[in-house]
Amino acid sequence: MKTDSVLEKILTSGQLAVTSEVGPPRGTDPEAVKKKGELLRGVVDVVNVTDNQTAMVRMSSMAACAHLKQLGLHPMLQMVTRDRNRLAMQADILGAYSHGIDNMLCLSGDHPKFGDHPMAANVHDLDSVQFLRMVKDMRDEGKFQGGDEITDPPKMFIGAAANPFADPFELRVARLAKKSAAGADFVQTQCIYNIPKFKEWMKGVCARGLHKEIYVLAGITPMKSVGMARYMKNKVPGMDVPADIIKRMAGVEKKKAAAEGITMAVEMIQELKEVEGVAGFHIMAIEWERKVPEIVERAGLLPRPSV
Amino acid sequence: MSFLKRLTAKEFVVLAEMHTPKGVDISRLVNDGRRLKGRVDAVLVPDMDNGIMRLSALAGGVLLQQQGLEAIIAVYCRDKNRMALQGDLLAAHVLGVQNLIVVPSADMAQSDHRDAKPVFDLDEAGLLNAIATLQEGKDLGSADLDGRPFFNTGCALASLADGAPFDEALEAVKAQLAAGATFVITPPVFDVQACAGPLKKLGELGVPIIAAVFLIKSVAVARYLARNDAGAHVSDALIQRIKKAADRESEAVKIAAEIVQALGSVTQGVLLQTHGWEHRLPAILDMAGL
Amino acid sequence: MTHPQSNQSEGKVLVVGGGMGGMRTALDLAESGRDVVLVDKAVSIGGLMTQLDRTFPTNNCDLCTLSPNLSQAGRAHRIDLRTMTRVEATKGEQGAFEVTLTTTPRHIDIDRCTACGDCLRDHPECVSFTPGLDHRAPTCMRYPQAIPQAYSINMEQCADVDALVKSCPVGAIVIDDKITTVTETFGSIVLAPGAEVYDPSPIAALGYSEQPDVLTSLEYERLLSASGPTGGKLLRPSNGQAPKKVAWLQCVGSRARQADQGVSYCSSACCMFAIKEAIVTKERFGTDIETTIFNMDIRTSGKGYEAYYQRSKDTDEVRFVRCRTQNLQAGETGALQLRYLPEESDTFVTEGFDMVVLSTGFFIPEDIRTLADQLKVDLNAHGFALTDSFHPVSTSRAGVYVAGLFEGPKDIPETMVQASAAACMAATHVGVTPDASPTEELPPERKIDDEPVRVGVFVCECGENIGGVVDVDNLVSHAQTLGDVTHSENVGYGCSAESMEHIRETIVEQKLNRVVIGGCSPRTHLTRFQDLLRKAGLNRYLVDIANLRDQDAWVHRDAPELATAKGRELIQMGVAAVRQSKPLADQTLPMSQDVLVVGGGVAGMSAALSLAGQGFKVHLAERENELGGEARNLRRTLEGEDVRTQIEHLVAATEGHDKIQVYTGALIVDHGGMPGKFTTGMQVGPQLFYRQITHGATVLATGALANRPSVYMLGEHDAVSTQHDIESLLEDDTDTVKTWSKVVMIQCAGSRTKENPACSRICCQSSIKNALRILDVNPAASIWVLYRDMRTIGMQEDAYQEARRRGVIFVRYDPENPPQVEPVDDKVKVTFHDPILADDLSMHADRVLLSTGFIADDEGTEELARIFRLPRTEDGYLLEDHIKLRPVDLPTLGFYVAGTAHSPKSIKESVAQAQAAASRVQTLLARGEINLGAAVARVEASRCAACLVCVRACPYGVPFINADGNSEIDPALCHGCGICAAECPAKAIQLQQFDDDQILAKLEGLLERITA
Amino acid sequence: MSEPTPQFEPVIVAFCCHYCAYTAADQAGAQRLSYPANVKIVRVPCSGKVDALHLLRAFEKGADGVYVAGCLEGDCHFNNGNTRAARRVTQVQKLIEEIGIEKERIEMVLMSAGMGDRFAEVATEITEKIRALGPSPIRGGKPAPARAQTKASAKAAK
Amino acid sequence: MITAERKPLEEIVESVASFDRILLVGCNECVTVCAAGGRKEVGLLASALNMTFLKGGKSVQITEHTLERQCDPEYVEELSQLVGGADAILSMACGAGVQELARRYKDKPVLPALNTMFMGASERAGVWSERCAGCGNCVLGITGGICPIARCSKRIMNGPCGGSTNGKCEISDDVDCAWHLIWERLKALGQTDLYEVNMDAKDWRPAGGAGPRTIVREDLAE
């Protein structure tokens, strides 16, 4: 065990892990986070807390994580390279760990162009691979990126994101390998809709033996409506929504669309469970956290193991 | 990767047709050729097509190879007997030209040497047979050769016009494939959908099919094709599209590029025929995203 | 005195007649490198056209359009101009005619005479001018730009020879000048003696002899002319007052039924002449003047003429009255009473007019018949030289050619076409001679770098054209106030030889080093004034023209004050620009001597054969798979010639000619280059093989299409066909024709309509031809011709009259109320209104024949015009450079048109235009090199940032970055568009002749008053 | 005759290409078509020769309206000078808007050599449009003092 | 080449509004090539300024002059004759040129008329794109000649991120994904193994992280 993370424990035990996420509020009231966290209690293993998601200012991920931690949940600190240079990032990692937060996800983050501060400086002192390396070195070498030693290094269970669908596709396995090499313990993927393509990617991952080095949590996002499906297809960078998904969503009555989306998510999880190398699921029910229990249940992932 | 390797690897090939000069001023051929270097897989050099006496395809092909391009030269039966044909084939091999396409001979009615005597010692299948024989190290007189040449030989489909013309052309192609041809070049395709039937049947032959894409330079040319070539399937809408374009030349390039794109999933390659507008080839390639 | 001649003159052509036709022939021959002797019996050349005031349909001033040709004729050193000279006898044959020429003494040394007029002032009785046609002896010079610019003296009339001699300040009077007779050898002869205008005196009913206010149209023309007896004012000869009502009587002396009433043929030009006079009358002297044209038919079948006719009715409110007879008498109040029978009425009407103009036609006078006799040239019954459709300018005698009115009545464009055609044919007998005698030794160019700027401003009045609107003197005095202007004056007709010489002298005397001409468009006249500067020892690029005519006086006729104010500004702009101009050098390139002929019909083949016959390599591109064009469908001409056989001969000759490369199935796809060195790409044959041809000139003979309009059930009923369709039937299937008992022909089917406004010109004669042919085969047939105007121009009128005599019935219909055609079994019922019976008629016809004529080949010419960048008329024909004077030249130098691509025309006219195009091509290619002018881009290397903008912007890929790291532009390749100059971010490139300083100076010149 | 009402007479500069628009202007003359005398023509070999600088300077010197007249699309005697000119006109439109001059005061028009009537029509329309816009805003101010453009060679320093 | 574009006229006008005599100085180097500050643009701006002032009823004297290069003292010296007659200098050069003028002519306000943009290359006529960020430590040798620092929207050195589609960057379809280009290029070169190497966290000191940079060539420096 590299860390005390519950996630690491579940994954190491060979059981399918389930994670989900909550977005912190655009204000100072912690109740929103707590409420969302409560919905997920006992349903998922670890709750990701996003970091200025879609480049919009929100309550900091670390603060929100701390609130969840107080509730006894297992939060995962998300951090992007967009807003902080390596000094600020390391400082926050130390701070988070001091609150008992031992999972983190290292990301580059959405470009500020899409957010509410398009005029903001785009820091990117490090990229996500360099970021992973830094966190790993902090944990395993006990060293800051600058080389100085850390007294009581943070033992973070380190996650990365992977998009199996972004172009160029042929590079996606190699890129996972780079992240793995840099220090990622697990990876949460982009929402999966194109299952054949995901399987193809997984095949590449397994062929390279990567599935033995890094845990792959398949990303699942239930569709609420055909409108959302189309939006994801056309507007969200790096998203691959095949036409038959849209067709399926369009084929049902409007008020039954949400239920169809849930069913589809459940079916996907069931199908992906069988795929070699899939170590768990990351269910991103954006502003729809209340539906996560249903999905997890219907997918046969309950009860969650206690480790 | 050479033309042959790409063909074998089932990769999409892009060929361009380049005519030799009528005369000895090769500057245009060489300059146009240089511009294409690295942009096409090979250039096809026709030989006296239309019965217009010109610099021989072999010489043109060698010149283009000297510019760093790979050449495919046309061989045909109208103007040479088996002696001359075999001799030239050996010469081609020695000079480094290893891609051949056996083409039917153009009618001499439009020739600039209408009084010339057509030879037709061999027919196309006979010529293919001669090529095969040479590759086996013998000549048609069964004598052994010093060293064996190697060729990658294609044949040409005579017509894409539905019905009898295509059926006949298909039979001829089958015969030529049986005689040793390994790929087929079609007449120009202007409407991929309209040609879907014939193209499908060609696809079933199991050899690489390369479709010709012809740059329509003017409304008059489009009309000419519509009226005179049943296999062309040049529609009135296409004619109107060119006519209405503010810049007809660019529209023609665009149309050619669109056809190339449409063929991308249908055939294993394209042969761009620009007939004198070789300077427009890069534009077509750019627009087609090649 | 007879000079024995050596053999040296074999290479010469004799051109008889110095009118427009003779001049054009002589100029074409001279420009293509042949030596010419141009003789005219008159004291100065110019012929009939010099007496016109303005010509239709552009209403240009003829003197202005003509004078450039005249002074050119006067100065081209290959042309030996001999006025007052007649042909007395000929011997020999083509290649070596021996011609005896007799010159009447002028008693004036042309080289000395300055045309100062002192002799005339002192001795008017013996100093002669051609009095023009005005029988009321004008007191003016015949026209101010006369060539040669010299007087002539009749010594017999002179009472005091000594005094006369002394009156001449330069001693130009030669007392003992004698008749000279020379015999010279000529390779070929062109006859362009013109014709004379009918004298209406014998027709008593017209009152021409008695009534001073009855004029011939030519006299009326003189009255309108600025150089005429009234100085350009329209006044009644009887009382000097302005007329309020003017009538024109058409066909005076033409289309006569009786010999004493004139000639039987149609003089072809009078209808347009009258319409033009009516329009000009209104335009210049007041729209309230009533103008009425009394006519039998309005025959406006030339290019653009029909539109002009319609405009005269619709816009200018010229009244047209169709009537049968007329006579005239003076009324009590001095008004002329005109009695006529309107077509739609059976009672005579009497109407009063202030002036009556007789539209008199042409006839061949006795002296021209004598000339023909001496030259052993056959004439037709009317005295015109005999020619045929496929040899339109060849007379019965080999080596003798004809052009203009002597070949038949015609208008100016046809004369110009024939003149060039005759030049082409005449040139086949004489070789090109080296340009051995440059008569103009150009003075060396003056270095002006160190001189202060001295601008001379010369403002033209151009008769009424500018002076009638703009206050020229005001402009002249205003110019004097402008900076650096040291000289300014009014030069009248600036482009006349006299004024040009005056300007030249002034430049030299006043040491001017920049010149501004206030005149007409630089498009047409800049080169002439540039040449003038060069002759004055200045660089040709130190002149600018302020376009006071086309872009000021002509467009602001209603606002003279504004026009004058604008004229001042235009002069200011010109002065500002020339102050910045610098001496520039021209660039040259060798010309290709090959010619591309597009179109393999009669016109294309004729042009190709004419050129190939002269040794030019011709590329003939035909889009169809065989040669022959539309004429393949014709069998006979009106005159009975066998068209099919002739076409077969033409095709065989064309294909067999070793200088002609024929491309059938050839589609032109691209074009570039410049006059003298074009490149054209085409795709040829079934496999669309691409050929690129380099050629110096291009002849477009792309033809027109036989019209097949969807009217009168054409294509819907078997009994309805076009005149064209039955050509072969009439030849090969007379049995069918014999079954027809009633045939109705409908004229103007699909012509003169909204869709196809032009008159198709040939359909009236086609219907007459077919009617006569049907009657030959089936004399019992009853033939009805429904028409709007019968336009059987020239000698076709004889056939028309014959058809009437043989019982063909002609009924006029109104386009508002056209005939109706309905099917009745295998026949058709035709219903129409007969204006004479004033009733609707209806009949069952076995056959309805539609005279459908031509329609422009939009499919062919639309794209060709785009590729060659040539303008077309609204109805799709190629637009020539000048409708009257340059009917063969297209607006882009190096392009010529022949045949129906220009406008509907007969085979004869097509062949003539083809030969004319061949001649025009030769005049271009004889130059040998291309003058690229001085408008080339120049890079100032020290400013260049090597940014590649010019390299990327140039449409021709000319600029490149040289070894020094600067942009370099090869002036020989530069086309002079100036795009690079406009885009250069470092302002390192200037287009010479249009550099920024000059353009900005123009703006400053214009806007001075605002900023000052 | 009624007393003419005094109205604003704009000064309009038309840059006309030699081959089409200038010829069309001559055509208008030959056809005696009238158009306002306010339009003054500057002849250029091709509309592509008209520099943005010329257009701007015309306004600076006091023109109330400026237009560039070139050949019809596809008919430019120099391939594409007319389309280049049109792009420049658009650029200058933006610039004069920045200055505070209505962008309607400048435009690009196309015509063929034979279109004398179109020339007259365009000249009339533009004159009316500019007349309605009133004098150029910069004419409200004082005259422009001459601006120095140094002739000293930049290379001299080398 | 350094690229720049003209500031909005309003901003320029405001900056020079208080002066009566303006010396407008162009540069015949980079800014000429990118059509921002050559003789032509100087002319256009002079005209535009003049008109703007005329419109406001103000008469301003604008002197135009274009230097071969504004960032070299020897060329800048050329202005010394003209500066006396001006109240302010308006520079149409990049920031380097503006600063050089300000350094040399200390008593005159020197105002920028351009915004200096980036080091770029000309894609085609009239289009320039960023190619180099001047980071002081070039990695182009291992990225197939395509710079991830200048051309990736996130400066990702181990890209691509998960946002690219069809070879285009997530920020715009008009922007190529640099890493897509790098990958294609590496493939073409047969150097895909270079991709597998993780690039370490970048040392930003040569990129300016350590303050203003200076290059001293000992052999050339005086």
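Should a chain be cited, it is by its letter among A, B, C, D and E, assigned in written order, with residues numbered from 1 in that chain.
Heads up, the rule we're going with is that contacts are C-beta pairs under 8 Å (C-beta built on N, C-alpha and C of every residue); 3 or more make two chains touch, one makes a residue touch a chain.
In this text the structure is predicted, and so the values were computed from the model without any measurement.
K.L.:
Starting at subunit A, find the fewest moves between touching chains needed to arrive at subunit D.
P.N.:
2
K.L.:
Between A-E and B-D, name the chain pair that shares the greater number of C-beta pairs in contact.
P.N.:
A-E
K.L.:
Which chain is in the middle, if each chain's centre is the mean of its C-alpha atoms?
P.N.:
Of the chains present, the most centrally placed is D.
K.L.:
Sort the other chains by how far their Cα centres are from that of subunit A and give me the top one.
P.N.:
C
K.L.:
Of the other chains, whose C-alpha centre is the longest way from the centre of subunit E?
P.N.:
Computed centres place C farthest from subunit E.
K.L.:
How far is the middle of subunit B from the middle of subunit C, if each middle is the mean of its Cα atoms, in Å?
P.N.:
52
K.L.:
So the centre of each chain is just the mean of its C-alpha atoms; given that, what is the distance between subunit A and subunit C in Å?
P.N.:
Using C-alpha averages as centres, the distance is 87 Å.
K.L.:
Mind checking the centre-to-centre distance between subunit D and subunit E? Centres are C-alpha means, answer in whole Å.
P.N.:
34
K.L.:
Quick check: how many Å separate the C-alpha centres of subunit C and subunit D?
P.N.:
Distance between chain centres: 34 Å.
K.L.:
Residues touching two or more other chains, restricted to subunit E: which are they?
P.N.:
28, 40, 43, 66
K.L.:
Two or more other chains touching the same residue: where does that happen in subunit C?
P.N.:
Within subunit C, the residues that touch at least two other chains are 866, 943, 953, 987.
K.L.:
If I count partner chains per residue in subunit D, which residues reach a count of at least 2?
P.N.:
In subunit D, 51-53, 57, 74, 143-144, 154-155 touch at least two other chains.
K.L.:
Kindly provide every pair of chains that touch.
P.N.:
The set of touching chain pairs is A-E, B-C, B-D, C-D, C-E, D-E.
K.L.:
Name, in rising order, each residue of subunit E that touches subunit D in their complex.
P.N.:
8-10, 28, 40, 43-44, 46-48, 50-59, 61-68, 74-75, 77-78, 81-82
K.L.:
Under the definition above, what is the set of subunit B residues touching subunit C in their complex?
P.N.:
That would be residues 19, 49-50, 52, 106-107, 110, 214, 217-221, 223-225, 228, 248-249, 275-277 of subunit B.
K.L.:
In their shared complex, at which residues does subunit B touch subunit D?
P.N.:
246-248
K.L.:
Which part of subunit E faces subunit A closely enough to touch in the complex?
P.N.:
Checking each residue of subunit E against subunit A gives 153-167, 170-172, 177, 179-180, 183-184, 195-196, 198-202, 204.
K.L.:
Going by the contact rule set out above, which residues of subunit D touch subunit B in the complex?
P.N.:
Within the complex, subunit D contacts subunit B at residues 73-74.
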